[in-house]
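Note that subunit A is present in both complexes that follow, paired respectively with subunit B and with subunit C.
Up next is the complex of A and B:
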């Protein structure tokens, strides 16, 4: 019988290969609510050649390979549904280059957002990337793989839109460069003017290859940054407020929060947006533009600005926001998960009503953060519920609520973001059959043996 | 029921605890060494919970994961949740459950047996106390301070400069002190951190009885581990006394001294020991002892300091040793990168761990590890 463990230790330093119960247990689950399933091996490569060798072995033996970053997408995307080899990418953690003039950084397949943020702040304080509010161990690559959104998404689109090139180990083990870097030494574009092949790797959840390098665009880090909080108790006004602010083209990020505590939050919608600039004059001008965009609501007493003292601003200015993570412990249970449809912003009122109705129906604690994408072309709306890890009942209720939220979101024009297996199924059932067929053909073409993160984007036979 | 049993499920496994404040590196020494999520704080808490629920059985590997934590408290500092202050207590409670069930890994067993049989983890008899220790004044009634040496300063030759420099400074400052000699027992900090609570109580009890007999009112400890346990555990055991770490005594002495001229252009960097820094928030006091010298900080300093890897008995059990990423080696590389010629420490454990790492890293020519008393006395 072939001894896969020995073969893996021939590829990678044995300190970084495990088939012990403890590692298998940990890597068989994520902090969300999808059922656990353990891998048979956990490995941590450091070079692209090691990744290639693992993929070759997996093809030969027809065993699954699941790449993992921080494991924080919460929807089970890194749970190895068919066992096999779990590839923890986080030892591939270099920041290979920062091209200051070109405005991009090249990172390895497991470099974390925390590390990139810290590196830029220290060495290139005038540059920044679109950091998401996920905990800092989330990787730049995995976040792009799931079409994440960050602090610059309101201005620049999905974080995957800000990618400027890729190096991928294909499921058949070839190393492939994607974008300008395929023909040039510069990583300025993920596609144009060539056919944009990068879309073969975003939104696919690792089923089309292992990304080993990624170029990410960097943007000016303005000298001043100021959070502004606008409050309304009328959900139906929120889409217009978002749109008006977006159309000023004066704001950086915009997130609408809805949650029942602290009590002043209940039945209110908190529209948090950021103004940035390099001079006081620029800041003042932008503030005035935003105020005048919202002036009507203010005059009609339909909304108002909340005055923010420095202690309130500090957590709003920190990136990533630790408050988002703290939500997991508000009911002392250690868990939360969110269903996050990407949807037109006009859906805000119906979604937020559903969020609260479901919380009441299932007896759960809720919160929602809706981030505006690309000036208002869409938003990510999170239906977030906490659960208690020590109480299977709350876990079941939270899962049921999330399932119902997802169905509702899809019925109402949304498309699930980072969908779990159940949501993938609903999505595929609703999808244009020719689109689905194209997806399946692409997948089969790239991964003939079906080794990459199997279970995901699979049509059940 | 122990508190951790009802709380430990609250860890979300978000991983903030893997980092220092600025996310510039990995700051949980065991996670940095092994890199499997199992060796991070979240990994440990989740595995412990799985063991409690019966989802995974006890194994030597599981116990090693638990004991590879140096109790450095980086996680306590960084975890954003309300329960953060309790994390290390939970880890210790889980270990104590393992101890109670007789399920501990081999190296921990040996450590505890040696404390049990010899009164110290180094398997040394009283006769083997270092010669310069034997010549120190014995504490007698009326002496102001009991100088509590601790196991490493009593038995490990590598601490000679530290001890002799310290007593010289104390003598010079006219401070009245004395040692306990053969009556000194292990302080029990590591035994406590390893979860052997009965043995800890026995050790602490013996020390406290002796303090009481001698009428000790104030103790100066050399080791931050001793300082920590006396300050935070002994005080609740029926006998109150003042505890100072020797850096506090030195800081007072330094206040009265003329600032030193920067000696021959050598820069100094300072490594915060976890049990002085994160455990007891003494960050500036030891730096005061370095007054007048050219201090260059490592990127990770004060509450973000990177542990040397020796805490919670790991200076003997050595679960984190081996390889490029062993914490002490990482730390001396960080120290050398500052351009400092001296890496100052305030803990005999850090001193020995980092000295060894300097050799392994071949940095002998560039970087000298010295404790703050030796630096002051130069």
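Up next is the complex of A and C:
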């Protein structure tokens, strides 16, 4: 009988290998609603060679491997559906390089957004990256793997669009460079002018390999940053307002919030956007352009700007936003999850109506944040519901509401973002069969033994 | 529902029609003003109802105490005029709705009202408040609701105010020291104008401070400062308190500079204008006001209203002037430090 534990401790310092019950318990679940399933081992590598050795072992023994970043997807993407080895990437946390002139940073597979933000603030305060509104322990790699969004998404697209190169351990254990770094010492492009192979690793949830290094593009920090809040009480106006603001090309981030509490949110849609600039004049110009874009709504009294006092601005300026954490405990018991379709912004009114209908149907507290992506080509719309972890009935109601939301979102033209296993199944059922076949062939080609995060992107037999 | 106690006869004999002719945002001679005002009284359409910025000043300009501003707001509401966009009004209506969560301190018969303004958490401590600082009411349940005068919602004031007054009464309060000028204006002007009985004695904090400073006489050192005063909208509802402010400032050795935009010609903080009329008017009013403050070369710019503080204190500081709340000015006179300071807002990127 092979002693996997001993083999793992031969690869990694035994302090960073575990099969103890309490640790397997923790690694067997995430903060969302998907059922728990524990791994058999947890390992915390520090080098790419260690990762490579673990993958070799897993292939030899046909054991599942689940790479994990912050574990914050809420949709159970790193719950080890078939047990095996959970590869906790936390200790691979180095910021290897910041190329100031080239405008990118190279980080290891477990480097967190919080660490990168701190490093840039301290050493390169004129540079920034796209910070997601997840807790700062979210890792840069995992966020890109799930096509996360961040504070620069309105201007620059998904966070995965801002990647500038990868180092990957393939499921068959080879170390592979992706992008310009495959032929150059510079990490300036994840694909062009070469065939863009990076798409083999984003959106696949770790089923196609383990990203051990990632280049992420950096952008200038503006001297001034100011939140602007526009309200409307008509959901049907929201898409046009988003579009008009996007087309000014004057705004940074844009998020639309819909929720019944705190009471000031009730009965309105809160369109929060940011303007940035290097001079007061630039800020004033942008402010005026935004006012001008929305003047018709103001004149018709259908929308208005809120004068923000410092106490209101402070949480809006904080990055990441702490509102998500506060929202998570609205129902007390600390649970929340959201279904987040990526969809055309014109779908906002039907989605928000469904959000509220489902909250009423299942007796849940709701919230939605819709972030505009890439100037308005799409949005991420979150159907968010809270639940009490000590109350299984509420958890079931929340799960039922989210399942129904996902089906509705897909029926209405959306594509689920970081889908849980149930949502993956709905997505694959709806997918063009040839596309699905291509996906499965790619997966099989890269991971012939099916060891990488099994259960995800799998067609039921 | 309580109704405005308005005397048409007083207006019919008024020749000056000061409520409209003195308005800083209208340009009307007495004859046109009379015509428009008559329309308003009759419940007819008048451009004044749309043009009104809700600065409250006509309430002070009326020499007959006949509540022209309250009449305008009543008429705006009757005619469905929205002084601000509907969603802004909705936000205000919802966020101040009493929901049964009472935030109170160790209540005495004499109490402080923080209204719904957290600024007083910083301000209402120290020697000036030592016997009363924990006898406090705060929040929606005690919110005076006068803000709805800006939003053509006197019906909401009339509906909510009796409950608010009852909430205060239930705390056993006999004497309520209103730290927010607008609360005092509500209890001393707005409620009586609508025949709503106030079951306690409202005390303006100017009066409280005068009494308190007199009792601390030995500690008071005249400051020898010159200040520019930022007069807020609700002072227009209680113009009699302006002389009390003069007494207070005199007591601490502070000279109120006679600048262009103070007293009856005062300009409000104008942030309400931004939400109702747009940025051009608000920016213009704020610029004229700040220019005037700067030209008067004050040691401090003194604020009465926390909302004015939020709107203007930062802009005052950007011009190299020192903003301070009246309570803090009094604290300086007894050797204490300024407690309400500008929030440090650094762009986090």
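We take it that the second predicted complex is superposed on the first by the 461 of 461 C-alpha atoms of A that agree within 3 Å, B and C clash if a C-alpha of one lies under 4 Å from a C-alpha of the other, contacts with A are read in each partner's own complex, and residues count from 1 in each chain.
One rule holds for everything that comes next: contacts are C-beta pairs under 8 Å (C-beta built on N, C-alpha and C of every residue); 3 or more make two chains touch, one makes a residue touch a chain.
Since the model is a prediction, treat every value here as computed from it, not as a measurement.
A.B. asks: Looking at the overlay, does A:139 come into contact with subunit B only (first), subunit C only (second), both, or neither?
C.D. replies: neither
A.B. asks: Just to be sure I read the superposition right, which of the two partners does A:153 touch: subunit B = first, subunit C = second, or both, or neither?
C.D. replies: neither
A.B. asks: Is A:164 contacted by the first partner subunit B, the second partner subunit C, both or neither?
C.D. replies: Neither: A:164 stays clear of subunit B and subunit C.
A.B. asks: Touch check for A:198: first (subunit B), second (subunit C), both, or neither?
C.D. replies: neither
A.B. asks: Touching A:207, do we find subunit B (first), subunit C (second), both, or neither?
C.D. replies: Neither: A:207 stays clear of subunit B and subunit C.
A.B. asks: Taking the superposition on A as described, I'd like to know which of subunit B and subunit C A:386 touches: first, second, both or neither.
C.D. replies: neither
A.B. asks: So subunit A touches subunit B in one structure and subunit C in the other; where do those two contact lists coincide?
C.D. replies: Residues common to the subunit A contacts of subunit C and of subunit B do not exist here, since the sets are disjoint.
A.B. asks: Flag every residue of subunit A that touches subunit C in the complex, lowest number first.
C.D. replies: By the definition above, subunit A touches subunit C via 128, 221-226, 231-233, 262-268, 276, 287-288, 291, 295, 297-298, 301-307, 309-311, 313-314, 317-319.
A.B. asks: Could you list, by residue number, the parts of subunit A that touch subunit B in their complex?
C.D. replies: Touching subunit B from subunit A are residues 15-16, 18, 20-23, 25-27, 30-31, 42, 44, 70-72, 88, 90-91, 112, 114-115, 117-119, 121-122, 135-137, 322, 325-326, 328-329, 332-336, 388-390.
A.B. asks: Which stretch or stretches of subunit C touch subunit A in the complex?
C.D. replies: It is residues 82, 84-88, 90-91, 94-95, 97, 99, 118, 271-272, 274-275, 278-279, 307, 310-311, 314, 342-343, 345, 347-349 of subunit C that touch subunit A.
A.B. asks: In the complex, go through subunit B and note every residue touching subunit A.
C.D. replies: Touch residues, subunit B against subunit A: 6, 9-16, 18-19, 22-24, 34-38, 43, 46-47, 49-50, 55-57, 59, 61-62, 65, 80-83, 323.
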